[in-house]
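Labels run A, B, C and D following the written order; every chain starts at residue 1.
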């Protein structure tokens, strides 16, 4: 039985991580910390867990965390940086769901996140937790930096094209949309039902923190410079990310459907849909699956890739559990292999 | 391994039954029939099941069904009546999710359902599949008639009061609301997103087919006549039923909270909330749990009971699986014991 | 041209009042105050008004308000109490959308609102602004206390029955549901889209501030004591209130449809639907209309009344404009007579 | 008083046209036809109009229509083609909301709409009803072909860039999303609330009928060939279209904000937002306004234009009324100049 701890579990990635770990047959949740909610039964904050988890939030205690095999950080950025070194020192492995260790260039991180990086010395060691790209490194990693929700979809969608050098890397576009849970469990007027329901809008067009993460990942895949235009939109739904990706083909003779099917044939959580089918976010809601379609409209030189995932699962907590499974030699899909609730 | 078949699986109770059975460790789904969709892969109709179920809809074949241990009917009313006798004859046990065997009085059934009853001789044998009331009979039943979605909530909510004779049975009120999946997967203008979204209305105030079923069940519990006023409403959500029940207390001295907690203490799927808490449909979405609160507002003589359940799970397919577990000596919660997706 | 001012206009009743007054041919909005947003263009806070209102929020200035013909208070409770006396003194008439002057019994007000009443001497003079009951008094009132959103629906629904003494006044039930705009434009986790969307729940079962207001109004209509059980619920929609009212008929021989049609025949904003029809909140969304149906299910002794209104219009700002029209001798429906947006 | 008729008014553009015309001070609705609903009071089909329109649907009667000043066609494609010639002959002017006269190339029309064109001789005369491009021609037109909902947003968004030759016309991308009312009032399983709610997907990626219409319009504006990649998506909301447009700038030195503000300075229904602001569909819901923002993310060579409109108003019925105003010398904004309902 794997003993795990969670630091910061009062947000939506926290409750989703709890849900997944409760259903995982090889995991025991030993501790979940929250300074603000210390003493509160977890099921009081998250009534969905009532009857399924008999645990209170506690103040973080280094000794208790150090006794875990693995600690997840589901904290705002800046927190993991200060606590990870001691845990690694104590032999605990770490999966960080925050942005702290995702970006290799420290100056870029500090620019986008508006603070000094508290632990630059571990950034180089951290493995970027996208199993479809870094599976082997994740298996042996001490510290895994889980990808952001948008970066997961955008990288998986462009992956086969960039690996094979089939598109113009200077002209990539990602028109994406996310459910409101991506904005977290924070009391803000902008995220009230009355403000979002029945409406749709773009946001962060001028600049979004996921852009440098995506460009870094796409560069790694392409083996060279890339330029991505990224426009996120806010959907009046709770969960789900949809990415519509546009690229200019250098060669229109490639069988795109075959390319995608072959690239992801062995991937447990990437599902390339049959030709002509289009993914819907609801068919992956609550699951770790990422569904992808590829099109060449009007047989012109533009390729359109559609990607659907659940921002809280494959885009966050599910991907974290997938990484955990890899790190501890468990079957990769353990605890993650069930169909979506539909309708 | 229990071998099960499903007759009629193209509706929402069908896909929900499939989801639950896919996750059930002791069940193998042998066959799912649909005249209209024969030959279609199930996952084409329900993309949520893609990768989880490799089965096509088939035309009903009596021999194939007769080889099952259990057959579920997820059909419109009138269908099970004609096929159940042969299956029982063949030694197959049956769980019927339709209304065919719920009402003992044949004339009442025929009046509300507008057709002759095709199998009155089995109505007496059929066990009403509400485990909280008929658990022992379900264990040995050949034929279980699953309760309707509203009747489940209304009966569970009034149960402790009626068993103990604490309310005026001539003055029961059930003000209920259901998500749109209760109306089924049918192409009707009234059920379009454009017609329902952002709106709320009552329906069926003049008369609803669940009324005679509820009054029959409440009479059984009360051991005498009852009069129920039932007003259903339509919520612009997919899943969930909420019942707000009103009764007039004959004795205001009873500790209602203790009464409810004690009555349901051993029930795996009825969760009496702490005093003052109120159930939300989302906290039971996708689960077989029924959550109940009880109040006596302003310390007057009215009791208010709040009940939340998922109409497709505890109100239909989950309750059917619970019955199956009982019928075959499996742990009652097998395959049904997981938390809701939240948010 | 009527010159009006608005005190506190940063909430949802404020923006709705602005929308209605912008479309009113006889009104000029002179000033809108907000301490928190002083200096901000109104259209920056409410982009729907961009191009339609060229006004900034200002700090409240008694002289400016005193120069108006009418001042609306769209403030939290407790504010109007302190400012109304000076305005009346200056000859300004006041329509208060808050709860400050709704309840005649000061002790009751103080108990439910948890503070001392700041202006008890004007409570007796304030006219309760429900035109269907107090039309003549509103015409000449200096101070109108607009009814709450739930009280409007509940009183209009029970009105014909109570006026004629047709129901047991000791056994009235109001099972109501409101859209989330009823909770106001406040940054609270509970009101996030992620917390409310796709869900339904009751709230305030133990006690809600609208209960004493409703019982006071119903007593006035009935001419004697009443006992009301009131259970509000929260709908995952933006606008709309639906009331399902239950009463016990003392005489089942009355023609209820005729009773309702006759009572409201001359009311511009109460629409009794044809027999058998049921109101939907969306058909009155954005309008001042209140739609009502009456039923006697199963021809028993229970009467069921269904009421739909828009909580921000007939339940707040529209009713305030209707009162203004009456107070200044304008046609009662002026500025309020347009159909709902549908779908 | 302008006397107007409507052919085919049982869909969502029909009811929206009725709502707008009811509120228009210079219009009298003389007749509304529907073969399927002949005899039905309009307010029975559309309860929002109850009390506002006392008219029944009738079978189409050429004499009655010929007595109108203007006839609107709110019919499926193929219908207007057969009836327009006789009306024009009779001196009636026509605004066609369907696709019948939008595309000048008959072969293209026939290919995308899958039928022979019934009236090719009038296609050349028909004026494409986008006032921002064809205002003067609309004033004198006998026959106006109203633009589709997506084409309105896409053309208005690209207009300033293409007129000035600032972007690569071979590389235009329109990533658009529409509310479900765009799919019409048709009984289809795919459009049920249970199928769409809480989900998002692309559709028609392989080819959508609005593509040739858009490319024709963009060619006209650009004065040369264009290539557009168009991906529509389906939003789980009732109303609203959002277009996110991508182009490659030939010159990055242009002041895009000034360009857009100047181009649309005199347009009553195009509102260029302040720099950095982003349009939301809800702020134009129910209105004829089209809101636009323009960005150059990361100061690279890509321009991103955001457009929000109401698909049933500026994308259909409002634009038709705007055309009518122009055709009959009325103020262009008459009957269309009111703020959106918000929240």
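The rule is short, and it goes like this: a residue touches a chain if its C-beta (ideal position, glycine included) is under 8 Å from a C-beta of that chain, and two chains touch if they have at least 3 such contacts.
Quick caveat: nothing in here was measured; it's all calculated off a predicted structure.
The minimal number of chain-to-chain contact steps leading from subunit A to subunit C is 1.
More C-beta pairs in contact connect the chains of A-D than those of the other pair, out of A-D and A-B. Taking the CA centroid of subunit A as reference, the farthest chain centroid is that of C.
Separation between the centroids of subunit A and subunit B, computed from CA atoms only, is 37 Å. Work out the mean CA point of subunit B and of subunit D, and you get 46 Å between them.
Remark: subunit A and subunit D have CA centroids separated by 39 Å (rounded to whole angstrom). Of all residues in subunit B, those touching 2 or more other chains are 12, 181, 185, 194-195, 197-198, 236-239, 280, 282-283, 285, 343, listed in ascending order. Against subunit B, in their complex, subunit D makes its touches with residues 12, 179-181, 183, 185-189, 191-198, 236-238. Contacts from subunit A toward subunit D in the complex involve residues 171, 173, 175, 177, 194-195, 198-203, 205-207, 211, 227, 229-231, 233, 235-240, 242, 244, 246, 248, 276, 278-283, 285, 293, 295, 297-298, 300, 302, 304, 306, 308, 343.
Those residues of subunit C that touch subunit D in the shared complex are 12, 15, 19, 22-23, 46-53, 181, 185, 197-198, 238-239, 271, 280, 282-283, 285-286, 289, 338-343.
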